[in-house]
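Shared between the two complexes below is subunit A, which pairs with subunit B and subunit C, respectively.
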Partner chain A sequence: MPSASPSTSSGRPTDLVSRLSSSDRGVRLRALREVKNQIIGNRTKKLAYIKLGAVPAVAAVLADASDGPGPDETCNLLVQSAVALGSFACGVDAGVQAVVDAGALPQLRRLLSSPDEKVVDSGARSLKLIYQSKLAPKYDFLDHENLQFLLSLLNSKNENVTGLGASIITHSCQTSAEQRALYETGVVQKLVDLIGGSVSQRDASLESLTAIIKNNYEVTSKILEFENGRALNLINKFIIDKSPRTRLLACACLIAVRKTSSRYVEDMGLGLKLIHHLLELLEDPGQVGDEASFALSTLIEEKEDLQKLALEANAINKLCIHLQNGLSCPKRFQGILLALANICSKLEICRSKLLALQAFNLVSDALRHDCTDVRVAACICLRSLSRSVKNLSAGYFVNETVIIPLLQLLHDPSIAVQLAALGAISNIVVDFTKHNSNFIHCGGVKQLVELSMAMDPVVRSNSLWALKNLTFLADSKCKEVVLSELTASSLATLIHDPESVVQEQALALVRNLVDGCVDSIDYVFAENGVILDAMGRQLQCASKAEIGIQGMYALSNVASGSKVHKDAVMEQLFQHGGMNAQPFIMRFLHSNDNHLRTASVWVLLNLTTFCPGAAGRLQRLRNAGIISQLKSMVNDPCLDVKLRVRTTLGQCMNYGDSTI
Partner chain B sequence: MPVRVVESSAPSQVSGASSGNTLPQACSLLTVGQTFSGTQNVSSLQNEKDEAWRVNVCIQGCDLDHGYLCGTMEALNVPMADTPVVTFWEGEIVDGKNYTFFTGKWEATPEDDIRHWTKFPSFSPLLSRVEADGGKTLDLSSYQYIFMRWKEQYFVNVGEDCGLTIAGFYYVCFSCSDGSISGFYYDPKSSPFQKLELKATNAGRSGFSFSTYEFQ
Partner chain C sequence: MAQVTFLVKLIMRGSSKKVITKEDWEKKLNDVKIRKEDMNKLVMNFLVTEGYVDAAEKFRMESGTEPDIDLATITDRMAVKKAVQCGNVEDAIEKVNDLNPEILDTNPQLFFHLQQQRLIELIRNGKVEEALEFAQEELAPRGEENQSFLEELERTVALLAFEDVSNCPVGELLDMSQRLKTASEVNAAILTSQSHEKDPKLPSLLKMLVWAQNQLDEKAVYPRINDLSTAKLEDPSIS
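For the complex of A and B:
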């Protein structure tokens, strides 16, 4: 099989690499130049030379030259080796890793204190390229010396050095402690000054300011107040700059401000402006256009008001035109799908608009795209589109062109991919059209059950979530498939999962399994009632209201059955926790959570409804003080609780409780 | 110890300074999965029982924050249809925030609105406020009745050429106490005041059962 191999006018690549270690400095310098010239802008050659071990050899030349004599030759060696290392790192992860592994970073950093401007330039450029990669090591801003060094970079008169300082911040500033440390050292002041500098200084400053502002209310407030709003006025100015890159970075900075302190941007009416600017930037054919959709996503994420503004600004049409024209760049494709997902995440009017533009097939086709990120984005978009009862009822989603690729994604080794697919599946299986048999025939239940045993608790919880939604108003056939695949004992184990999110979903699944046809209540009695017993034990120790709510509604559904079912629920209410323990229902009736009190009263209402054995059950509830507790709730502040309590007490009167 | 039951009063008016939630509270009988069964009189004359269609309703979606409800309505013995006719409807919950008692569309004037709402006995305590401002200042959070408009959007199982119309909409009153539903169909081109009467159903159970789903 042919493979890329670096060709050279002055010998084979292996020879060239070995000449990098020559004892003759002249030979080393020529070899270095040759390698550098070959790899610049050529990813294939970079990878080939990395394989041949060129990076440690170049790093050794740099280290050796740093210690060597002879100003001109040394200077040349330093510059050429720094440029070569930067080039290896530029746009190639393996190159960054190799440069880091070769221990070249401290050597490059030393170049910044050289008296020779060319050497400083080459070192700064090279380091800047390295810090553009996620693989570069994190810079520790909490270390005093590091912080002082960073300040010295920002204070430099050399444009490449100040750019490097800003790049380091963009790369490494993540925590609020780091943001605060940078602010308190005066870094923000420096960056604001640099905004007025050259184009590259301005762009680098805007990007690093965004990193310092992001999700930090305290720092953002200080920046908003900084010199009577000078920083913000400057940033605002650049959203209409000539350079698309600058406009995008200024928008990103203002989005970070808005996310942290929405009052500012709303007051300035900037939300709509930002949407318009980002939609305009989307038309840029290059990297700026690729990134604009991500910025738009960040802006409108979870913001219903901005999603509506985006709709009014024709964003859905504009994004769809890109989809319809076909997208060769996976990053742009991913960004557009995510932006559409965000616009359609809350408002039905947005979903309708997207569907009316015949974009659904384009989104479902993207589930089979070669690039994983695009497939994940398609799942997220589908999840947003399917948050609609109206669309689900119209039967748009439960067909094989959607189900099969989604189920294939469940096999992906990445948890992020599995979760994205589970998110979409959870929505589309809510069955209003009775087409769930398609999902079952495609092996969907089997795969969800397998994932409910996954090591990752979020995967377990989300697969149970999907099964819960699948069994909402499902027929007996569907429920039988789920339970036979899952088994009663496994479901009981999941009810006792160490993670509360899993417990909650498992109990909600039981709730749906025993809803509908009265015979379905018998599911909880399978395998010697292992599910019912697990429910009772879990409710006795449940710490979170959400678990109590699902568990009590599940018990309530069982209690809506026959005498046998009701008596079994009574046993669960009283048998756990030992003789002196308070029945869990008593604890729930005292809860501050309206839904938990409501669910608990429904259990009692169903237990005391007119049915054989009701009088005996009532007596037992009365003896336990539960009826007295109910009497104290006739004016419960929650209307739902109040009404159910009154109905229950009304029923009790039928059995001769004259005290009611 | 006997406990005196304090009856809830009519909805109060929201004071200008009130910042509390005045939207109708969640009611477990008006949640997803709940089903209702009853009749719709296709004649305005209540005695003509033979002109009543049997109707089943299932709630499929509920979003109180947006005053939104939706579901399906199945008419069982429609004379001109071979099978039961199922429609998908969307509802507006009158909450003073998302929707008021005044429809403002679907060919319904404020006079039509008042004429229909006043058919519900539970509406009488609200009439004066509704006449004044559409009920925007009413605190409906502890009222036992929820007022809605249900508008059928499309036929689920038959074509639009089935000879039936879904041009009109229903004025609906739901009782949180027992889950009963009363409604009046309004379509200027159909018989006036066709009455819908539904009761919460429990699928042959001795009590009520509740299913659930949640979108991700």
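For the complex of A and C:
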């Protein structure tokens, strides 16, 4: 295709980039301006120029210009190169990386001390844009010099420079030590003063105050007491400001305060007010509206009372209307799904409300969305909705429109998506009304088994979790499918996984597999009892109580079976760890963990029920000192333990243990 | 201003419908004290926001009212606005970038509208080939990023399909009003970037006056202002 003459005087990008390194300063300046005007606002052009190596070239112009002749021309070169670097970093991760890699940060920082106001402006603006990205290097507030430099920024008369100071705080302040250091240097005082400044200063300081307050009780209480609550009064004033951005930032700041300080936790009036403001901000068509739902999520997560208030404020309706109208912005879509997930995470009335609005299909459709974050949010929302016996029993989740896309997400290239999908699957496979066959029919078990061999330990653990839930009170057909797909030897390997979270879930899966009818106990005897043996060996060396609990309940289920089963459990109790080692059950009976003691006593209770061979087993337990240990536990502080111990000892009396 | 303050007070009181004579009304109006400085600020706010830099300068000297913005920035802003109004969009973009590079980098919608205006100007000047190339190179990627941009782009490119644009359904894109629309969008964005409100306060005050009068009509018969340009109090007509 013949190319038409270019619409600008510029020429091609490659020529322009080479002209950036021209020895003629005039040529360099014109090329710089041209590149700058092409890339501002234009993501495609930015990426194209970054590929051509324009960023190091521009950084070199910036570095050279500092010691060139002619103040006007020098200033212009400094300004144009700083602006170009800032634009490369604006909204493009690769650009931020390239600017940082080109070593431009110290150069830009030097511009801040220029006598020329325009140079200072451009340096400060560019640095601010860089610090708005997660990829910018972390600023070390614990370094004294850095802290002083930051203060000098905040004290500046130049609005762009104070804005930069606030952006650095928002970007880098994370730990409580950093928050304290900033507070102690007087940064908070400065920020509170800036709230009274221009719109951009006010917004920047509200955002950085939030970063300083977040999860830091000590600093938050000091800020609340600051000048008789001046800071808080100011922030409160801005939740009804004219600018939606300011309102959102003020809300976010108050949410951080509310989550940190107990003084405000009880204040339901504030909670309701914030919910109303955020729902109103949700209607903003721009970025503010996109972010409002995230703030709402932060406010109500894990807070049942606020979730109820949100329901009463018609939040579910409002969020669902957005879903129904279709959302072109992925960020907004994600935010709304997460907000719905949070509202529905605890209360059945909220879930019913969402389902009544016919929004279920909109959520499940989002499982197929192009954007990773939206798919994750849809999974999280489904998980919240499926935390309900009522909804599970109604079989909403086990039809093909939900299961098939969910199972496809298990192959997603993103681990975050895989984990979110596993989270949803774990809930929906819990079988209350035998809907499970559909899940198995769709190949669900096969895929979960595949993921149980994944590289990522959390993926392994969560897929075992899903299998565990699938086999919870399941019929033998379902269990057989799981075991034949997984195989006994693989399950034994998983019991010995290097990661304790995986070990725990593998043992929990065994526990559910052998629960129920006596026949199912035989599963642990498959392949020469490889599973049972793995359990015994794992329990002998288990360090975490959680592993012991799952393992002992699994053993106790096996011990509830026939004589053969009980004898096999006895073997496991005594055969590991050599002659002189203490049996693991003794260690568990001494544990501080109530559940672990309970599970261990259950094993003994099942081993000593009236049944052939009981006397022999009792003798062996007595010889190992286990019965006398039990006797010392008749007044165990845990009621469960106390009750089972007494039942067990009562059973032992049947075999003539007169010492009881 | 006195009228508005007074009206709002009356509405709040919620009195039953009664007749207020012009004499009484004026007496009451005289009781409402409005500071001259506030009136001046209102005028200055209007001049600055609307960009009447010479008038603002004169008014500053005559009334001693300080503008809340550097008057030099008004000149820059007006130059950008004028460039768009004259169809020199590329020039306008360069000027905005010189003024503050963040404006177009953080405002995709405005950037798209300026590029769209550039395309419109190319089409207006009959540069079909160049227009097509520009649409493909510069605008199509924006359309991929945003569905509503894509729709606007399609509407704009449709201009090329008609021989006689005066008779085409998207012909209004070539109207002067389209340039004015784009120019005012740029103007507003520059004002916002300068921490200044994008609309002057005076028109909202007049809107409030109209609203307040409408509210009061239900409760009282009083000397209304019907002609906003003269602010003449009409005699209450008793029917």
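Miscellaneous remarks
Keep this in mind: the second predicted complex is superposed on the first by the 637 of 660 C-alpha atoms of A that agree within 3 Å, B and C clash if a C-alpha of one lies under 4 Å from a C-alpha of the other, contacts with A are read in each partner's own complex, and residues count from 1 in each chain.
Throughout what follows, a residue touches a chain if its C-beta (ideal position, glycine included) is under 8 Å from a C-beta of that chain, and two chains touch if they have at least 3 such contacts.
Quick caveat, the model's predicted, so the values are computed rather than measured.
Bringing the complexes onto one copy of subunit A puts subunit B beside subunit C with no clash. Once chain A of one complex is fitted onto chain A of the other, the partner contacts of A:V363 are absent, as it touches neither subunit B nor subunit C. In the superposed model, A:G41 makes contact with subunit C only, not with subunit B. Once the two structures are superposed, subunit B and subunit C can be ranked by residues of subunit A touched, with B on top. Once the two complexes are laid over each other on the shared chain, residue contacts for A:C90 go to subunit C alone; subunit B is not touched. Of the two partner chains, subunit C is the only one touched by A:V199; subunit B is not. Using C-alpha centres, the superposed arrangement gives subunit A a vertex angle toward subunit B and subunit C of 110 degrees, stated as a multiple of 10.
Within the superposed three-chain model, A:L451 lies out of touch with both subunit B and subunit C [touch as defined at top].
Contacts of A:S556 after superposition: subunit B is touched, whereas subunit C is not reached.
Here's the short version: in the overlay, subunit B gets within 35 Å of subunit C at its closest Cα pair.
Of all residues in subunit A, those touching subunit C in their complex are 3-5, 7-8, 33, 36-37, 40-44, 83, 86-87, 90-91, 122, 125, 129, 159, 198-201, 242, 328.
Of all the residues in subunit C, the ones that touch subunit A in their complex are 90, 93-94, 97, 100-102, 104-108, 111, 122, 129-130, 132-134, 138, 141, 145-148, 192, 195, 197.
Listing the residues of subunit A that touch subunit B in their complex gives 383, 386-387, 389-390, 393-394, 422-423, 426-427, 430, 432, 462, 465, 468-469, 472-473, 508, 511-512, 514-518, 550, 553, 556-557, 559-562, 566, 594-595, 598, 602, 605-607, 609-611, 631-632, 634-635, 638-640, 643-644, 646-647, 659-660.
Put simply, subunit B touches subunit A in their complex at residues 1-3, 5-6, 8, 25-28, 32-33, 58, 60-61, 70, 72, 88, 90, 141-142, 144, 153-154, 156, 176-178, 202-216.
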